[in-house]
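Two complexes are shown next, each including chain A; its partner changes from chain B in the first to chain C in the second.
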Partner chain A sequence: MAPSESPPRELDSKHEDKIVKFVSDIRNGKIEGSNNIALTTLSLLEQIITECENATALELSGVVREVGRRLCRALPQELVAANMARRVLRAIRDEHRLLCEQSGGATSGTGTGTEGSGDSLQRLVLAAHGGRRTTLGAALPHLREPLRDHIAEVRAEIESCTASISSQARAHVHAAELILTHGASSLTERFLKAARRHTHYRLLLGEGPRVQESHAMAARLSAAGVPVTLINDASIAAVMSRVNKVVIGVRAVLAGGALLARAGTHGLTIAAKHYSVPVIALCPLYKLSPLHACDRYALSALDCPRPSMLYECGESSRVHVECPRYDVVPPDHVTLFLTNLGGSSPSYIYRLLSELYDPKDHQL
Partner chain B sequence: MVSTEIHTESTDLVYTSSKKRRIRRKRLQAAKNLIKNTGNTNKISIEAGSDLLPNTDVNGLVANTKPIIIDLSKSNSLKTQVVTSKQFINLEMSSHDEKKSRDEVLAAREAKKLAKLKGKNKAGAPIEVKKDLHTESIVEAEKKNCKSDLEPKVSKEPSKSKDEVDRALAKPIEIESVGDKTKEEIKADRAAKKAAKQAKKKKDEDNVVGSAVINKPFSDVNKVSDKNKASDINKAPDMTVKDVVDTLKDIAAVAREVQDVTAKVQAISMGQKKTPTEESKSKAELRAERRAKQEAQRAAKQASVQQVPKIEKSESSEPPKEVKLLKAKSVEIAKPKSPSVNRVNWFEHLHVEHDKDYLTNIPINSNLHPAIVKLGVQLATRVVSGSNARCIALLDALKKMIRDYSLPARTEFSRGLEAALTASLQHLWRLRQPCAAQENAVKFLRRHISQLPNNVDEFDAKKTLQEEIDRYIREQIEMAGEAISLAVRNKISNGDNILTYGSSSLVERILREAWEAGVRFRAVIVGTRTRHAPRHMMRRLAACGVPCAYADLTALTYVMHTIDKVILGASALLGNGCVLGAAGTAQTALVSRAHNVPALVACETHKFSARVHTDAFVYNEIGDPDELIDKNDSNSPLKDWRSNPNLTPLNLTYDVTPPSLITAVVTELAILPCTSAPVVLRFKLSEYGV
Partner chain C sequence: MDVDKENLIQAVVIMDTFNNNFSPLNNIKPAALFSVAGVPLIDYVLESLSLGGVGETILFCCENGSKVKEYIRMNKEKKLPWSLTMDVQVLMSDTCRTMGDVMREIDAAGLVRGYFILMGVNSISNINYAALLEQHKQTCKKDKGAAMTLVYKKVSWQHPMIRSDKPIFLAANANTGKVLMHQKYKPKAADKSINLPLDIVLNHSEVKLHHNLVDANIALCSPSVPPLFSDNFDFQTRDDFIHGILINEEILASCLYYILLKTDEYAAAVTNWKTYQVICRDIIHNWAYPLSIESGTFYQNNFIFMGNHNFRGKNSKLSRSCLLTEDVLVGDNSHISDNVTITKSVIGKNCLIGSNVVITGSFIMDNVTIKDDCKISNSYIGDDSVIGEKSILEAGTIIASNVNLNAESILKGAVIECSSANKEKTLSKSTSENEWENESVNSEDEEFIGLDKEWSDSESCYSSDSSEASSLPDSPVPDDTNIFLQEVIDSLARGYEEKLKCDYLILEINSSRYAYNIQLNEVNFFVVRALLGIPILTEAKNVLATIKDIWKYFQPVVSNYIKTKSSIMDCLKAVEDSCLKCPWLEGKAGQIVHLLYETDVVDEDSLLEWYEELKEYESPLVAQTSVVKFFEWLEAASEESD
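Moving on, here comes the complex of A and B:
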C-alpha cells in the first residue's frame, strides 16, 4: 500500500495524548539514547495496537503509519522512532500474510512470498503476473496476538544488539593496535570495553563537539583498564597516520550506506581515507533508516553554539556561529558496518534495509 | 701565604675532597717555590698586609693578591710565575664558591678593583710598561723576536684551566680587541705604548719576562673579579633594597680599609723596588712613564666611578624582575607536572613539558640579558605565540642584548658576542623550541656576526648588527607580508567566502587589507575549543567591518560546501614541500581537498626551512595537557588525570600537511607550488646567504 493510497487517519485523543507525552519526553531529554528511544517507541506502538480493539490489518497499519508520521514530523532528528514504526508495519504485513496463508492455504506460493522478504529484481519479474494477491483488507481476528509476539521479538533484538555487537569486538580489535574513536557513544564504549577483555590495545579518543561526554567516557574507559589518550579534534589528522582502526558510533545509517554521525566525523573519515585507515561503524539494525541524504541540510540540525563560543564572549554578538549537530558521511568513507547480524559493507546496506522494512513503508 | 691559608681554611668546608687535595698540593708547591725564589722583602710585605687586614676572608684574599703581584714584579724567575698562577687559580676556585656571603663577595669585588688599580699603578713604576697595557708590551716583545718563554710554559702548565691557556695563546690577537676599554683607557694605552716603544730598545729579555709575569696576575685578577661579579649577581635575587644599601655602605668601608692597607704595602714595596730599575731609565723615559701613569690613574678613576653606579643599577633592577618571575613560578608550581608514566610513549622523543620545570628556576644570575629572560618566560608561557611574533620578539630581545653587550677583556667582539648569543639562545630554546622563523633569524644574525671584521670597533659593530636586525624585520617580515597580502588580494574576488583556520598574523593582515582595499568577501574563521587566538582574530576582523562567521573544527565539513577559497597560515614550509602548521591545518586542508576547494598557504620565505618531515611525529611540541581539560566544568571527570596512569591528554601543537593537499604557497617572491620550497631555499642561499 503506497502512502498516497492510505487516507490521513484520525487518531483517538488518548493516542494523541500518548504521542504528545512521548515527544515531549524526548524533547525534554527524559528519554535519551537511540536504544531507549527505540524501545519506548516500540512500547508506545504496542500500547496503541493493543488498544485498537478488533481492527483489521488495514486499520492497524493505518494507525501505526499515522503515529509514525506524527513522530517523524515532531522529531525529525530521531530517525529511530520512524524506523520502529516501519518495523511494526512490516510486522503487521508479515503476520497478516502468515494468517492468510494459514486460513486460505498457499495457493500461489510465489505471490505471497514476494510480499515479505524484499523484492529482488528477479522475483519482481517472476512475480509480476501474480499481481497483488494479498491485501490487508481482510479482517483477521487473531492478528494482535502474533503481532505482540513479533514486537516482543523486535524488542529482544534491540535489547540484545549492544551485546551482540560488542561480542564481535574480538574479531576486529587486535593486540597492540591503536584505535581511534570520536566522541562519546554508549555502544562504542561497550564495544571497546569488550575488546579490552580480550586484547590489550591503546585508544585515542577524539573529543568531538560534546566535550563533557567524551571526557566522562574517557574516564570510564581508563577506569576499565583501557589506556586512553585524549586528543583534540585538531590533532586527529596529525595522529591518523599511526592509527590502525577507526571505530565510530553512528546516529543513523542511511540508504545507500551513508551514515549520519556526530559533527566532526566526516572530517575524521576524510583523514582516515587519506591515510587508508579502515573505518568501522557500529550500527545496530534499528538505526538503519531507508532515507537518502540528498540534501545535506535535510538531516542536519543546528546545535546550540555555546560549546564553540561562549555567549559571554564579546565577539559572539557580531558574528555568525555555525554549529551543526550531525555530519553525513558518504558510503565510500566507511569500510565496514558492524550490525548485530555481523559485518556488512556499505554496499550491502540496501539489502539489509529491504529485509527489515517493507519497501512500501520507506516513506511513511 | 698566611693570608691565603686563612682564606682557604674558611672555605674548606664547602670543598669536595678532591678539590681539597688539589688545593693542598698546590699550596704545598707554592710554599716551596716561594721559599726558594723569593727574598725576605716580600715576606715583610705579606706580613704587613696580613697584619693590617681586617678579619674578613675576602679582604684577606684581596690582600693576598697584592703582595704576590709586588713580589712577582720584582722577581724575574719563571718559577714564581707558575706559583702565582697556581695561587690565582686557587683564589679563583674560592671565588667560585657560591656559599660565600653576599657582603663578602661584594666587598671582595670592590676591594679587588681597588687593588687592581693600585697594582697597576705600582707595577707601572719599576718597569715602564707595567700599566694595564701589558698585552701590548708582550706583543711588542714578541715582535722583537725575543724568546717568548711564556707560551710554552703556560701551555705546559697542567693545573691551568684550558681557558687560561687559550687566553695566553690568543694574546697576540687580543691586542686588536680593546673593545671594552673606555676612551680614556685607550688614550692612556696609546700614551703608554709610545713610552713602551721608546723603552723597547733598552729592554733585555729579563724585562720581557718580567712584564709577562706581571701580565699574568693582572689577567687573573680580572678574571677573579669577573667571577665575583657573576656570583654576586647570583646572590642578588635575595636582596632587598635595604640590603643593597647596607652592602653599599659595607663596600665603602671595606674599600677604605683596603685602600689604607694597599697604600702601606705599596709604600713598603715601592721603596725597595724602585731602586734597581730606576738607574737604567733616561729622563725622557721617566717623563713618558709619568704621563702614562697619570693617564692610567685617571682612566681607572673614571672606570671605577662608572662601575659603581652600574652595579647599583643592576642590583636595584633585580627585585622587580624577581617579582615577575615569582609570579610566573607560582602559576607553574600550582600544577604539579605529570610523571613520565602518563606520557604517550610514541611521543617520548618530543620536547615534553617537563622543561617547564626550567621555567621555575631561570638563572637570573647569569650573563643573560633581562630582555632574554623576559622573552624566555613569554615564550614558555605562550604569551608570545605565532611564528612571526616569536621571530620579531626574538630579534628585538637580541637587539637589546647586543646593545647592552659589554665585551669582556681580551676577547674579539664577534667571538664574545657569539658566545653570549649562544648562551642566550640555549636558554630560550630550553624554554621553547625555536620555530623555523626564529632559526632563520638566528642564522642570519650569526652570519652577520661572523662577517664582522676582526678589528671592528665595538660601537660600530653593535650599530651594524642592530641595523641589520631592523632591516631583517622590515624586509623579511613587514615587506614580505605586504607583498603576500597584495598577491592574495588579487586572488580574492567579490562575493567570495574565505575560510581560514586558526589565527595567523599574516592571514589576518591579508583579510584586513583586502577588505580595506574594497574587496567584498565573507570570512569564515575556524578554530578549536582550546585556542582562543582565532576568536580574537575574528573579533579584530569583525571590528574592521569584515563579515565573519565562526565555526568549530567539527563543523568544518558543514561550512566547507559554501567556501570558495581556503587561506591558511603556516609555521614553516619544509624542504619537501610539507607545511608545518598549527594542529588542525592538515585537517582543514584535507577537508578542503575533499570538497575541491583551493587551499592557499600564506608563508613568507623567512619561514622556509630546509628540514624535512613526513609526519607530525618527527617534530612536534607537546602543549600543556591541562588545556584539554574543560575549564568551565568544575568537576570535570578528567581533572585528576595525573593520578590515572591509563589516561593521557595529548595536546599537539603542530601538524604536517602534505604538499598534495595544498594548491599553492603564496610567498613574497611568487605564488608557487609547495614542492618548490627547495628552489626558494636555494634562491635565498644564493641571494642572502641564509
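Moving on, here comes the complex of A and C:
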C-alpha cells in the first residue's frame, strides 16, 4: 500500500544498532517530550547520512526511508520521529533538484538541465512527476554537505519553535480573560508564562490523567504570578460557559486538521464547541503529521488503567478499565492552530503539510 | 567501559521454579519459555530488567539450559532493545537442584561483584530496579548487617492474587522496615491463628503487621548473600534463607528488610495455575504497563484492539459470526471459524479453531487445531495439539504439547501428555476433581484452571522442615541441645532394644554431654525427656505399661542422674515438658508422676512444690484430670500417714 520508491532494504548493522538504541532510549524514558524526540531523531538521521559515503540521492533516500519505517513501526505512538524522517527525505529531494539545476546550468545539454531551467508554475507541476524520479538516481558528490545544512536548519527551527509560539501569546491572551487549559505541557506552560508578562489573566487548569504533573505545573505557574485554579476534568463542562478561551497543547496534528491530544481533550473541546468558546491549539510544525484520523491502529493505544483505578483494590480484578492514551479531536472543534509560523485554521493544515513534506513521503 | 562496569547493576535470574506446579509442562519446556498472555516469561523478565536500569543479567539455568541459551541467542540476533542496553549471560548447571545450590554455585564462581538483584524467571514487574537497589544500599549504610531487601506489593485482601497464592504474614519494625517475622499461610486453612511472639511487640516501639502482600519473588541482595548460602548448607529455598536469617540473626549477623511498592508499580509472580490466570488477565488489561502483550517484540502495534479488552493479531482471521466476549487475545495468523464464542481466553499463534466451538477461560498455545463443535472451558492446551470433533474439555484439563486427541473425547480435570512413543496416555485421570470443583465454588464466580492437587504439592516445596519448625513459637532451643536430646534418645532406644548394660549407657550419655557442652541440670532434664520420648512409645498400644517397663529397665540410669533435690525438680520439669509436647503422653501426666512417686524417683515434698509452681504459671497441666486426681490422692495419702 505504500508507494515506496525502493523495496525494503537492509540497513548496516551499525545503523540498526543505533536505531535499536534510540528506540530503547525512548521506551526507557531516557528521551522524553516530543521536542527532544524530534531533535534526537534528527541527530540519528544525520549520523546515518554522514556514514553513508558516496551515496546517490536515491540510496540516501532509501536509507532514510527505511530508518523512518522502522521507527514508525517500533514507536507507533511517536509520530514526531516519522515526521522528522519525512522532513529529511524532503530535504534530500530539494537539495538534489537544486544541485541538478546547478550542474545542469553548468553542463547544459543533458536532459536534466533543460528541465530545471524555466521555472514557470505549469512547468513545475508537469515536471514534478516525470522528472524527479529519473534525476534522483544521478550520483552527486556534494549532496551531503548542503543536506547537513538543511538538517541544521530544521534543528534550529525545532529549537526555536517554543520561543516563537510563546511570543505570539500577546496576540491571543488578553487582560482579565479566563483561560482554560488541560493537563501539563511544557509548551503551554511557556506560552502562558509569556502571556503573563504582558497581561493579567486568570487560568483554569483541568487536571487531566496525569494529576501530579498538572499539580506541579499549576504550582510553577502560580509562582510565575498567574492566578491558577485547578479543576477536575469532570467539572470542565460546568465552568466552560465562563471561559473566554481554551488553550491546549497537542500530541500531533493530523492531515485533515484533526488533532491528537491527551485523553480528556475531546470532552473539553465538545464543551467548548457547545459554548462557542474559541479553542487555540499550540502546535509546532514538527508535530504536523500527514496521517489521517481514520488510521485507528496507530492512534488507539491503551494506557495503563492505574490513574483511574488502583490495582490494589479488589475490584480491579473484576472490571474493565479502558484508558485510551489519546483523544482524536475533530477539526471543527479547533478554532486556530498556533504554529511557529503564526496562526492557521484547521482547513489550512493540508497546505502546511504539502509545504513541509513531499506527497510521496506521506506513506513512509 | 571498564569504569562503567563497576557501576553496572547486576541481576541474577533463576530460570527454574524448582517445583511441579506446572507439571507436566515443565518437562517439555523450560519455565522461561512458558508463555503468559502470548509472550514467553523470559521476555517479560529481560524487558523489565532493561527498563529498570539493569546493566548486566545472569540467567542461571538448571534444566533445559540449552533451549534457553538458543532462545537468547536468537533474540540477540533479532536485536531486541534489551540486547543493546544489557549484557545477558546464560549459565548452565545440571547439578543444581534447588535455589540454594544456585546461590552456592554463584558464590563459588564469584559471579556477582556487589549488590545485586535476585529474581525468579516467573516474576513480572515494571519496577525501577536501579532505584530500589539504591534504596537497599542506603539501608545497608545504616545497618551493616542488612543482607536482603524483599520486594512486596500490597493489595487488598479480596484481590485474587492473595486468594490464589499462599499469602505471607509479615511483621516488621515500622521505623526501619526490618523484617521481624515472616510466615506463609493458607487463607482457607483450618488453623486460622498465627502466633506472634511477644518479644516482637515488646522490643520495638512500633511494629507493622502485613497480611496482604504479594510476593513477586524479587529481592535486593547485599554481597553477603551468596556466602551466606555457602555457609549454611541447609538453605534450599529463599524461604529457608529468610527463616534461617530471622532465627539466627545474631549468629549470622545479618538481617532482612522489606519494601512495599508504590501504587503505580506492578509486581507479581507466576507460581501456580491460578496466579497464571490472574497475571494473564492483568497483562491483557495493561496493569503491568509498560510490559504488555507486545513485550519481547521490537515492532509494536501487532495487535488490533477490538474493545472490551479483546485483542487480535494483525494477520489473524476472524469469521464474521464469531463472538469474542471479553479478555480474549488471539495470536497472529490464527483462524477462527463461524459461530465460535470465546471468553476470557488466550489463543496462541497459528491456531485453527473450527466452527461452533465454545472456549471459556482457557489457554491455548501455538499451532493448536481445535476441530468443530468442541467445548473447552478452564483448560490448558499445549503447542501443536489437535483436538478432535465434538470433544469436551473442562475443569482444569491440562494437555501438554503434541497431543492428538480423538474426536468426541470428554475430559474433566485430566492431565494428558504425549509419551515419547507418540502414544497418548492419561497420567492422572482427575483424582482431585471434586476437590477442584469445591475450590471453584468457593472462589465465587471466577473459575480457575489447574488442579488443586498440584497446588497443594507445592506446599512441600515452599516449607521444608526447617521452616515448619521455626514457625512454632516456642522453638528457641539451640541446635546443640536438640542434637544432644536426639542422641540420648537414640542411645536409650538402642540400649533398651539390645538390653545393654545401664552403666554403658550412662557412659555414652556422659560422653555426648561433653561433646555438646551440656550443663548437668540440662542432662537430668534431657535424660528424663528422652526416656519419655523413646520411639517405642509412639507405637505402643498401652503406653503406661510400656513406660513402666522402660522405667524399670532404666532404673540405674535414672538413679544415677536424679539424686539431689534440684535434679528431682529437673526431672519433674522434663515430665511436664514431655507431657505437653509428646502426643502419646497426652492426658497421662498424673499416671506418670504417680509412677515416679511409686518408684521413689521423686519424693512428696518436691512433688508438692512442683505442683505449686505449675499453678503459679498456669501450666495447662494443672487442668488435666489425671494430675488433679493424683494430687488429691497424694494429699489424702499424706494425711492418712500423719
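By definition in this document, the second predicted complex is superposed on the first by the 326 of 364 C-alpha atoms of A that agree within 3 Å, B and C clash if a C-alpha of one lies under 4 Å from a C-alpha of the other, contacts with A are read in each partner's own complex, and residues count from 1 in each chain.
Just so we're on the same page, a contact is a pair of C-beta atoms (placed from the backbone, for glycine too) under 8 Å apart; a residue touches a chain by one contact, two chains touch by 3 or more.
Source: prediction; values computed, not measured.
**Q** In the superposition on chain A, see if there is space for chain B and chain C together, and answer fit or clash.
**A** Aligned on chain A, chain B and chain C fit with no clash.
**Q** Once chain A of both complexes is superposed, is A:321 in touch with chain B (first), chain C (second), both, or neither?
**A** both
**Q** Considering only touches as defined above, state whether A:16 meets chain B (first), chain C (second), both or neither.
**A** Only chain C is touched by A:16; chain B is not.
**Q** Have a look and say if chain B or chain C is in touch with more residues of chain A.
**A** B
**Q** Quick check on the superposed pair: does A:264 touch chain B, chain C, both, or neither? Answer first, second, both or neither.
**A** In the superposition, A:264 contacts chain B only.
**Q** Between chain B (first) and chain C (second), which, if any, makes contact with A:312: first, second, both or neither?
**A** Second partner only, chain C.
**Q** Answer with first, second, both or neither: which of chain B and chain C does A:255 touch in the superposed model?
**A** neither
**Q** Once the structures are superposed on A, label A:74 by its partner contacts, choosing first (chain B), second (chain C), both or neither.
**A** Touch status of A:74: second partner only.
**Q** After superposition on the shared chain, which partner residues are touched by A:228: those of chain B (first), chain C (second), both, or neither?
**A** First partner only.
**Q** Tell me which partner A:58 touches in the superposition: chain B (first), chain C (second), both or neither.
**A** neither
**Q** A:24 in the overlay: touching chain B, chain C, both, or neither? Say first, second, both or neither.
**A** The answer is second: A:24 touches chain C but not chain B.
**Q** Minimum CA distance, chain B versus chain C, superposed model, integer angstrom?
**A** Checking C-alpha atoms only, chain B sits 7 Å from chain C at its nearest point.
**Q** Starting from the residues of chain A touching chain B, keep only those that also touch chain C in the other complex, and list them.
**A** Overlap of chain B and chain C footprints on chain A: residues 300, 310, 313-314, 320-323.
**Q** What residues on chain A touch chain C, complex-wise?
**A** 16-17, 20-21, 23-24, 27-28, 70, 73-76, 297-298, 300, 302-306, 310-314, 316-317, 320-323
**Q** Would you pull the chain A residues touching chain B in the complex into a rising list?
**A** Per the stated touch rule, the residues are 207-209, 211-212, 215-216, 218-220, 222-223, 225-239, 241-242, 262-264, 266-267, 270-271, 274, 296, 300, 307-310, 313-315, 318-324, 327.
**Q** Which stretch or stretches of chain B touch chain A in the complex?
**A** Touch residues, chain B against chain A: 344, 346, 524, 527-530, 535, 538-539, 542, 548-559, 561, 582-584, 586-587, 590-591, 594, 615-617, 620, 628-630, 632-633, 636-638, 644, 646-652, 654-656.
**Q** Would you mind writing out the residues of chain C in touch with chain A in their complex?
**A** Going by the criterion above, the answer is residues 50-51, 53, 79-85, 154-160, 263-264, 266, 278, 281-282, 285-287, 289-290, 298-301, 304-305, 307-309, 314, 326.
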